[in-house]
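Next come two complexes, and both contain subunit A; in the first it sits with subunit B, in the second with subunit C.
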Partner chain A sequence: MTDGGSDWSGKIGEVVLGATAADGGTRKVSYRVGGDDDLPFLGGCTSGHRPLVAYEICDDPGLWPQIVRDYCGDLVNDPASWSKAAEREYGADLIRLSLTSTRRRGFSDFAALGKTVHDVLHATGLPLIIEGSNDPQIDSEVFQQCGEAGQGERLLLGTAEAGRYRSVAAAALAYGHGVIAQSPIDINLAKQLNILLKEIGVPLDRVVIDPYTGALGYGFEYSYSVMERIRYSALKGDQDLQVPMISAASDSLNIKEVREAEPAIRDEMAVRWEFYAALPAIVAGAAIVVVRHPGTVKALRDAVEKMWPGEVTANAAQGA
Partner chain B sequence: MPLKALDIYKLLPKKNCKECGDPTCLTFAMKLASGKGDVTKCPYLDEDAKVVLGASTRPPIQLVRVGVGELRFGVGDEFVLFRHEKTFYHPTALMISVSDRWTADEIRVQTRRVASDHLVRVGADLRLNGIAIRNDSGSPEAFGKAVAAVEETATHLPEVLMATDPAAQEAGLASCGHFRPLIHAATMETYPAMCGLAKKFGCPLVISAPDLATLSDLSKRCTAEGVARLMLDVSPSSLADYIPAATLIRRLAICRAQPEFGYPVFLDATRYGNQDTAIALGILKYASVIATETLPPATLRAALTLRQNIYTDPQKPIQMNPGLYPIGSPGKDAPVLMTVNFSLTFFTLQGYLESARVPCYMLIVDTEGLSVLTAVASGKLNETLVKESLKRFDVGSSVTHRKLIIPGYASPLSGRIEEETGWKVLVGPRDAAEIGEYLAQEWKS
Partner chain C sequence: MPVVTFLPGYRKATVSEGGTILEAAQKAGLQMNVVCGGQGKCGKCIVQVKSGRFSFDSEKFGRVFSPEEIASGFCLACQATVGGDVHVIVPESSLIQEQKILIEGLGIETEFNPSIWKYYLELTPPTLEDPSPDLTRLLWAIQKKGGPVAEKIYAPLEVLQSAPRVLRDSGWRVTATVALVPGGYRLIDLEKGDTSKNLYGAAVDLGTTTIVVYLRSLVDGKVVGVASNYNRQISCGEDILSRVNYAKKHGLEPLQELAAESINQAITTAANNASIDRDDIYEVVVAGNTIMTHILMGIDPAYMIEEPYVPVVRRYLTTSGARVGLEVDRDAGVFIFPAVSDFIGGDIVADILSCGMAEQEEITLMVDIGTNFEVVLGNKEWMFSCAGAAGPALEGGEVLFGMRANPGAIERVSIDPATLTPSYETINHEKPRGITGSGLIDILAELLRACVIDRTGRINTSIENRRIRTGQYFPEYVVAWKGETAIGKDIVITENDIKNLIMSKASVLGACITLMNQAGITREQIDGIAFSGAFGNYINKENAIMIGLIPEVPIERIRNIGNGAVAGANIALINRKKRKVLDEIARNIAYVELNAESSFMDEYTRAAFLPHTDLGLFPKVEKFLDECRLRSREHP
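What follows is the complex of A and B.
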């Protein structure tokens, strides 16, 4: 039998998330993501690293899905305790902190952001992803604060987009962090943004592509395919796409199916809705998936354990 | 491996009538063996021989149908590895299990549920495809009874009979054989008897082997027995092995390297202690039929939605015909709400409008299937399009007022639409869920 197998010339580059004491940080673990030289799950554990599950918290729960607020209770008012729960109870591999407070009109309390980042870093030993503002007017100050507060910790800072990437890139370069590069479901735009980042001096081993993920049933099919195409082109040899991907179907908990579910199964609906988009994203090539319902974290970790050949723990956390 | 000329010759009618354009059946066979012939040129070939020989003319993955009547489904007939290369054509069939250890009542309840469970999304009716009946008892008699209980309850629901013992299969087929159930599964040990049953009843047959080399051998043996409609159960021992095995089969099939793999893949999702994972992997990676335990309501919705997403044509979003659509029985003073012709958008808005119980019109403009934000971002939705649509669908004669409600996400266009059309523009909410409240508070004709 021939194996009809793939013969790729390219390989996904590796990005390091989190710095342990050995690297001048305070994280308990650090991860390498990427490194694959075949389509997802075809190369076995010799190629690439186990996909990671990030749990997303925020600093202003007023802008967060009701179902998470109901489920997590008071924790949502304290990012530090919430991140601790994500690590110890929900079982997340890493934390994504979304600075929703910056979305309020007239936001100006930049010092508070630095403190929140600091508190979360203190509360958890997991690597941290930060989702900053989405307003170019305040980007510079927001990313400066976060970057500085996490200096030496190898954060992943987001989000850079085609029209606004300088502030986040500057903070990443100044304080030694990685950058999330988001483009709206389009392989060429993803490539262009990476080129822009390279041009201003961000090396690609600090970049993670976010190809934008629509919720299941609300555009997910486009996201799934664009991830497959990015992975394929990278393996074919397109160097500007040879970086790991992150997928966050952030709208999942706001969609009709979840909002209108019977109270008795609402949490289950939320978990399944996130799961059935995150797992496919992993199969399409995402190295990190981000979810918001605590129940989804465990469901995904179990799934990855079933799918990952050999010892999961051995691949989980390799020191940087 | 292609068939040799002599193997092919054995299957030909041996009339030497020259109608195929070749002087003899043997020369025609040699041509077919070299891949240059076309089997359909011989008018006297019987159906089975055509399928066996047709690896070069049939689709790289054989179309296999299960069941009869309206609920019959077909799977296979796929051409690509990635959906973006073209599209996936035949959605994964989900078959829910019953056990022959259950009471007849339990079986009936489950069967009824499977026959009626469905959900409507984006105007499409999404349903489960049938029942998998399992011979857990080991007894042919119990199996026959279980199959009969399913049959009584829902006659035309497609079935897969899951029994490794040919005697049990025979007992099951006695009551449903002519409804073309799927037989699961022939192994290296049982294939002669299973092939006999598949031929007797004209049923498709799943073959199962522990590794791909054995599966390939078994596939050839079954086609040699004259069974043309096969499915492949790779029975991986863990989910880690499923993606590699299913991908390899798909690759070899679509490049026609090994026609014995040119059949749909069957996956038993109950074997891995993590059914959701198995279902998702199956839908994404080439399973054509999946047997599962009962799906809880949340899983049912999510899994059917994933299947719908993966099997929509990536080249053309599901679209509505542009036009003026009445909701309820709108009068001349009813509100007109403008939106795009992406069907997800249309059906979402329509659902909320219907539950709001305010008679109104939906004006659907042609954004070539793009959603509101996407159409605004790409410039497809603009004031000229709105003006043309008002005119084209003669909205002005359906209502006496001149007010147009536009989606909240289209608010950047409000001024330009007003200027261009002369209609007063009201910016609606961003989220269609709020439309009822909005109309109640804001609408005055």
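What follows is the complex of A and C.
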């Protein structure tokens, strides 16, 4: 292995998340993710940016893990306050807002989505990721609402998939946001989706790959190996894969080991399960990890700070 | 421009006025004898002009002709110029008499080296002074006629039993048939009188669906008849698996008999058309897939359809016509092409023989596409093969309006990128009934060019055009409106059809690339791609590359070898030397089991994109598509 310098011909591109006042937004901070020219933690301190921990909230807690609802209490009914807590209490780097309301059958209250996004952006100064609908029938309207509500804030909109990427991409292009490109744990499908996005005009410096992450013990090792392969290919020069990755082992809190844990250790179990999927994901090359239990945020940030050889705060691209 | 028609074959060629008959002959593919190179000196290229205006300086070049010959149109082809349409007789003696036989549809030649001969013999009857036995007399006469040395010819009992009668009844004028069989020469027949011209052989493609038979004279190698018919085993199951299962239940015998009957039926048709007696067919060469040839030879194929897929035999096999129920001379030799594996049969070995792969330095990629596909990559030093299921989409199956290449099938399509209006051709110019494989490939390529579909084949439904709409289940593109068709329905291609086509093409391309990786070669190192089978005859090569059915190589490196199986059988029939190399070819081909090859799934996924996930593998297509995208953005 190389010492600090690397022999790789490729480099991960950088994606900017969030826009501060200098960029015409209202975020207190913006981040650059990506930029690595080596494998994670191998000389990465000189080139890449510190991995970020996103805390995920939702707008319809009925579709959220019970353990989070129990832990967060009333907050879950108010995305704005919840996001404020994520920033000030849990210590998240950024927020991911999952619009679970759109998953309800017959959903049609599109205006409410715009308002939620607006409220959350008002409540927190952190950059925002939005996870929208996954139904082609309503995608266009949903992403249009989110995109417009977040105009100028450089959001990260998700999720584009090979079968439905046009609506997300259109909103991202129209309102200046980034796109999460999710493929089912396959390096080739990840690459294909990036090509599709590129061809309808989304530049790759606005794309973040979500290689899809299974929960630890429920397929996580496939995700790990695909993230590794994507990183290797990117470093070897495959331009279509030279984008940062986001990893969200979203099923972690729904698995039997967490659900059926003794009440006394349930939260600890939840945090550990999330933690031990997110940390290896970072080791495999994820630039952003997403968790749902507030306790996991601090644990991860502490771990990253210990592992990360450089100045941890220097990664925020203030004024970028 | 004047048209020159050559008799007796009625081959035609056009030359400019004042062009020579020799030029025309060369254009028409006639190999004229031109020893002096066309200077009018050697007098070998004699032709006779039967009608039409021509000029020939008989004073200068006419010395080889008599005044009568000059008067009746004789001249030298290299010096005679045409002044209008002419009819020209080419005497046999003016053609190059190399014993080379053109294999139809192939454009390749092979030497004429039959393995069976007939000798017409006029024997001196025995006397008290010359009391040597009948057989000795017979064999000596064969040797004297230029046949094999007498001691080396084995005479089987059946022939000996009939010999004394035949010899004496015929007044000692007989025709002896000698065959070169494994083990040496064998006297296989003795007939009264001169039947030396009645010597034929059959080249057979024993397909799962179709049987094709070529009858050839083994005196001069020429084709005398061709016939084809369905494999009658279809009554025991359409596909090969169900046939083997049928055999498991009902025994092998009915299937063996049906195979023989199917061949007999085709041979009979061809023989009747050529007015040939089937008993004058002394040799049958059969190329077929491994299961078909096992069945014909009465060998149980049951173990080939279950793991670990082992055939009983893969070397070439010989037997006699009577033993497998072929209605030809009872002692006729039957030669069965060797196989490589369970899935790469004698038909593929025949393909390889006919595309020349095993005899060239150049690297050939041979692709045989049907419901199943076979791919062979290599040259004379090494060969890799694999086989897999392509699914029926490329043959029009699993596609809403897909159909086989029957009349009314849309076989060629181009689409105006601005208006998205297609223009199409159908088989026999009938009103369209459906779309055949080549038409589907065209549509895919054209929709890609017009930016109607993305690289995963999804239709961009936001394009405003009445041909793009959402059907009952999937988005679709209308190829032909109800009123244009013969079926009273709009003919469409749906997103689901496109998905199936992409999966089919991905298995073929994925297999090609897997073999290329095994061999460690790049697409630039492929000197030629050969399409075998009917499929290759109709597809637009450029579009096949555009969608990524095969690796991108320059178009001129792609060729169709047509029915390579029957072509290979023809070569082996008339050139026994080629038979010797077949076992070696079969042994030299390494078989790659795609199911066991972990990289294949990866390659398949990479290939399930138009044309491929690694765009660098298709640089020309990429450049072209970039331009298409630019155009479509300018004129949305």
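Keep in mind that, in the parts below, the second predicted complex is superposed on the first by the 309 of 320 C-alpha atoms of A that agree within 3 Å, B and C clash if a C-alpha of one lies under 4 Å from a C-alpha of the other, contacts with A are read in each partner's own complex, and residues count from 1 in each chain.
Quick note on the criterion: a contact is a pair of C-beta atoms (placed from the backbone, for glycine too) under 8 Å apart; a residue touches a chain by one contact, two chains touch by 3 or more.
The structure displayed is predicted, hence computed values, not measured ones.
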- Query: Which holds for A:M269: it touches subunit B only (first), subunit C only (second), both, or neither?
  - Reply: first
- Query: Who does A:N188 touch here: subunit B (first), subunit C (second), both, or neither?
  - Reply: second
- Tell me which partner A:L216 touches in the superposition: subunit B (first), subunit C (second), both or neither. first
- Task: Could you figure out whether subunit B or subunit C reaches more residues of subunit A?
- Result: B
- Taking the superposition as given, does A:K198 touch the first partner, subunit B, the second, subunit C, both, or neither? neither
- Query: Which partner does A:K115 reach: the first (subunit B), the second (subunit C), both, or neither?
  - Reply: neither
- Message: Based on the A-chain superposition described above, do subunit B and subunit C contact any of the same residues on subunit A, and if so which?
- Response: none
- Note on the structure: Contacts from subunit A onto subunit B in the complex sit at residues 1-5, 39-42, 184, 216-222, 224-225, 228-229, 232, 256-257, 259, 261, 265, 268-269, 271-273, 275-277, 279-280, 283-284, 299, 302-303, 306-309
- Task: Please name which positions on subunit A make contact with subunit C in the complex.
- Result: 162-163, 166, 186, 188-189, 191-192, 195-196, 199-200
- The subunit C residues in contact with subunit A across the complex are 454-456, 458, 460, 462, 602, 605-606, 609, 613, 615, 629
- Query: Which part of subunit B faces subunit A closely enough to touch in the complex?
  - Reply: 82-84, 121, 212-213, 216, 238-241, 243-244, 247-248, 251-252, 255, 257-258, 272-274, 276-277, 280-281, 284-285, 296-299, 301-303, 305-306, 308-310, 312, 314, 344, 348, 351, 371, 377, 433
